[in-house]
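Order of writing sets the labels: A, B and C. Residues in every chain begin at 1.
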Amino acid sequence: MALLEVNDLTVKFYTQEGVVTAVDDLSYRIERGEKFGVVGESGAGKSVTALSLMRLIESPGRIESGEILFKGEDLLEMSEEEIRDVRGNEIAMIFQDAQTALNPVYTVGEQIAEAVRHHLDYDDEEARERTIQLLDTVGIPEAESRYSDYPHEFSGGMQQRAVIAMALSCDPDLLLCDEPTTALDVTIEAQILEELESLADEFDTAIQLITHDLGVVAEVCDRVMVMYAGSPVEKAPVEELYYDPKHPYTVGLMSSIPRVGDRRERLQTIPGTMPDLVELPPGCSFHPRCPYAEDVCTKREPPLLNPETGRDASGTDAERAAACLEYTGELQEGLDYEVEIREGHDTRADATAPNPEGDRR
Amino acid sequence: MSLRRFILKRLLSIVPILFGVSVITFALVHLTPGDPISQMAATNPHMTAADEAQMRARYGLDGPIWEQYLTWMGNVLTGDFGEVVSSGQDVSSVIIARLPETIALGLFGWLFGLLIAIPTGIYAAIKKDQLADTVSRFVALSGISIPNFWLGLMLILIGALWLEIWTVLPPSRLPLYHPQMLFYLILPGITIGTAAAASIMRVMRTSMAEELNKEYVTAARAKGLPERQVVLKHVLRNSLISVVTLAATLTASIVAGSVVVEVVFNWPGLGREFIDAINQREINLIMAITLFTGVFIVLANLLADILYAVLDPRIRYE
Amino acid sequence: MVQDHKQSSIDIDRRRLLQGAGGVSIAAVAGCLGGDDGDDDAPIHVQLEVNSDNDDRVQMVDLIATSLEESGYFTTEIDTYEFNDYSQRVMDPEYAENGYVPCIGLSGTFNPESFCQALHHSDNIGQCCNLNGISDDELDQMMDDARYGVDVADDDEERRERYDEIWEYLADERYSSITHFDLQAGVMNTNVHGFRQNPFTESTFSYGLHAPQDEVVTWIDEDAHPDETDISDLEEGGTLRAGLTEDPELFDPPYTTGAPSTLVQVLIFEQLVASDTEGNLYPWLAEDYELVETQDIDRTDYEEYMIEVDADEEGVLDTDEQVVVTHPDDNPAEDDTVRVLTPEEAGEAVEDGVFGMQFQYELHEGIEFTNGEELTAEHVVATARRYENSDLEAQTYDSLLYAEEVDEYTVNLYAQIPDAEAERELPGLYIHSLEQAELEGGELDPSADNDPIGTGPYELSDYSEGQYVEFTKNDGYWLEEIGLENKEWFDGPEEFPDGPVIDELEMEIVPDDSSRAGALQSDEIDMTYGLATDVLDDFEEDDDYVIDSVEAGGYEYIQYPMNVEPWDDDRLRRAVNHLVPRQEIVDNVLNGWARPAWTDLPELAEENGTTDAEALEETIRPTNEYDPEAAAELIEEVIEDHDLE
């Protein structure tokens, strides 16, 4: 049994502008101890997915349908009390921006200790000791004296470590990391990721790593799901995704990975922006930005298929899946890109795609 | 240590403020025609201009305004606030007799305001845009719009004349610290506190709603904390910061409100005394009450500043 | 009073400036006729002025303005001012030059003079309350002659006749229009029996509780029917809970100028004489008194006794002594030195037999103050001295010359000149105990541990500033010891009590009218007074309450700017007077709780002010009736003569 199994999850936000389908019919699974990456630009529905797992979607958002099986139990069926027992305890979350995730008016120590007290029934002293130990574990020097520091007295990196300590405080089985390093500079990013990985290994914790950065995914994850406009467009084990991306969007994302030694000021990004989620374009929602888009792409919505077999792969068991009409055979011209593997100190792959500038910029 | 220095500095800054207040008040009172002597003369056909001049000299109300001010200032610095011309009482004894009444009323009104406003503000913020929120916002808007003398009269009408729970007049034989006085503070307290409650509630709601959207709230919820703890521990303290500012500024309007409320509820406070003092141009009394009010408001703001530091550790005073 | 020219002009400029800032015009040009004077249909523009804080008065002026507009001859404008601004404005001697018509209220007394002299005598220009500079030598003389001089001082009937002439003279000249006389109304619940309201607020309790001169006594009986007010139903004891309109604040009579303070003081302090509601005097602390001698002198006859004192620019005299008489030819504001008579020289003059009138009072023996002192002539003399340089010096030493101890129980009071009012004015002193006669002004104060000591029927038992004041019966009240049977003038029933019968008075201080009415309704007090007229109506309709009302001395008037054209024409003033809707004012503004001023003389001053009140009303009333036709006729004449268009 998988640790987490998400089936046909749909989350909608009822805004004044209209109904936003933030997550559309999403299915995936995470095994115990596995590191699962969720990749996509902002607005792709990654964070909403993570919050859904905690049942922290707030009005005007609503989980419309689907099920979230955690250790075989549907989180969506749980009472408010039951889900609170899961939150922070079995599933914990590391937020993107530690500075905003920490309450400025309470000490860092207290914010960690309160979860410990709550879930593990520790008394004040025990909770304090455990917190100091956790702070020490995540690499905060002089943990004991920093316990009673306020968030603003911590540097950005330390704040992030504190947030990690908070998430680890009750030995969760699943760690939801929402862009855990975006707010940090590169050296600290590397340190933190390393820390995270080793801690997860140490505690045998599964990780769902949400990021827009394929490089980070490559470093940490076992399997990856690429999301676009609320839907998965490609799922694959991490190597396969890198060496053999099957979806034009994945290709686009990969060409925006910064490389060591890259002197360009700005990264090459996929032209265009995410579509308005209230009114998705007809057919494939990526077609307005897709360099390979054809007439048929504007008409038919591509299903998730196994790119090798062309069979349905929308279930959670599918190891390899992509949502492109190429794999239904409906694309006339086909996809035309190549993946070039460079020798380097890591396994980063690099894909280049023709950049049809001008007409959509 | 730094907080102590800060308080000291702020207390010292009261001095120029009070000086300014005293100059302006003194000038304003003197720029408006009339003094206690002309009051006597206005209704007394026996009083000739010579009689008036004679009396004015006797009560030290003659001479140029700056000279009068300096005399007054000199006396105040030695702790002598002068006397009320029409009654011959010492101004300081009037203040000592009346100030506790007003403070009790103001404090009660203020507490009432906070006790009503903060919970409803929290509730409204949690139920934002739902019926309860709309209702409470409507009530708050009414609370701000209702003139407090009218509210006071209505409360007397209902509470004393219809329901006969209270009496129209407060039990004047009881000392202010008698427990039963608390009961009689309720109606004037409501009257004086309603407008304050309404504005505090609105600010509470807004700031709470704003705080509720912050990520640390989601983070707290993600820790599995009960919603009560999330709201009352994490959100409340943050939202209180803006309420503290408002509550401090409201001190001034509560002082102002007490003027009307004391008349309607026959409360023997300083506010009622102030109206009489103005009507009768009792300059010494006007000056003293203004100064005390000034001190009071400055102290309230100082308290607010100290509360900031308590509520928000990011704030440190240099 | 003429002032130093330079001084007063500076003063006036400052005032003008401030008046401009303080004044608010509420009803600029009522009606359909826009514009100022010069309108074809309405040749005369009238600016009426009134203090804004008196709603009834503002409404009344509004009614008058409307009535003037309706005549078609006037455009009107009403300016209102806060009371202090207003009183400064209208009591400025220069105000008369503006040509405005001010409205103001005054409180009159038993003295008929208070309904004509204060308004019209040239002495009162620039002070209370000759606002429009009326200076009519003939009228001045008539008014002086009605009060002063041997002719009237000894002869009441002569005095009445002279006043009748004044009322007729005023009806022709019509410098002012008195609109109505106020009513004083005491409102009580049915526990209170026998109470009668006195025309003067300050006597509400002292008179209402016990006034043998009018056989008035109040008692508390919760079980009796409210109609049972016969003396045989009387119950002794109990507590009267009353609502006061203001904090008494003061218990020091010579330093008291307000009725709220006097109201409670008179329960403690008494005078040599007492008055009924018509102004007739009865020996009170005095067993008897008589006018010994009247001499035909005026104030210049004191010249040889006078001393010279320096006067500064503002007219402040350089003396610590009470100025009893100032030489009529000297002016403190203009002259550097002024000849004055102080008590010492007044004593010398009296010794030499120079005085206007001599009254001699025989005191009852055995009258005890609450501190045990026995009342003697010394007390009267010491009291008179305590009034020197007090807040009441102006009204005391405008008639009193000297107080003289004759023997232990005999005292003489001397008047400065022959004065018909002296009999009432001279003994107007609240007799102090010797213990307190030496106190500085304002020191007679419970908060300074000087509880007031008097001879009166009640003692102050508790006072909390701004909250309440309580009295208990004086157990050794002298009148109860002496007995009414020893008062010659008393001819009431034998069972009439010798003193008030209520033991305790609990008076709550409730300035707010509606709170006081509410407290009465919720049975927190038994009686109150001074309520607004619409509230009085509510109580009158309710059987659970009793109202006793009486015509009082308060009145309102508007005054015409006779120094400004065309108001110098008496026909215009009389015409406007015909347009003052007196009945409508009383009915609509005061809800009937007042009486239209068909003559200038209210009931309480009729005793001294006319030979025949009915005949006077018959003569004067037609000139004061609302009569637009008569007004139109007069105005047409004025327009023609003055070439007004």
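Quick note on the criterion: a residue touches a chain if its C-beta (ideal position, glycine included) is under 8 Å from a C-beta of that chain, and two chains touch if they have at least 3 such contacts.
These are the chains along with the protein names UniProt gives them: A = Oligopeptide ABC transporter ATPase component; C = Oligopeptide ABC transporter solute-binding protein.
From a predicted model like this one, the values you see are computed outputs, not experimental measurements.
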Touch graph of the chains shown: is it line, ring, star, complete or other?
line
Write out the two chains that share the greatest number of C-beta pairs in contact.
B-C
Could you put a whole-Å number on the gap between the CA centroids of subunit B and subunit C?
40
Provide the C-alpha centroid distance between subunit A and subunit C, rounded to the nearest whole angstrom.
92
Between subunit A and subunit B, what's the gap in Å when you average each chain's C-alpha atoms?
54
Hunt down the residues of subunit A that sit against at least two other chains at once, touch-wise.
none
List the residues on subunit B that touch subunit C in their complex, please.
31-34, 38-58, 62, 83, 86-89, 93-94, 97-98, 153, 156-157, 160-161, 164, 167-169, 172-173, 263-266, 268, 272-273, 279, 281
Where on subunit C does subunit B make contact in their complex?
1, 3, 15, 18-19, 22, 83-85, 87-89, 91, 106-107, 114, 117-118, 123-124, 126-129, 249-250, 252, 255, 257-258, 314-317, 326, 332-333, 389, 391, 393-395, 398, 441-443, 445, 447, 464-468, 508-512, 514-515, 518-519, 521-522, 524-525
In the complex formed with subunit B, which residues of subunit A make contact?
51, 54, 56, 84-89, 92-93, 95, 97, 100-106, 114-115, 118-119, 150, 152, 163, 166
The subunit B residues in contact with subunit A across the complex are 214-216, 218-226, 229, 233-234, 237-238, 311-314
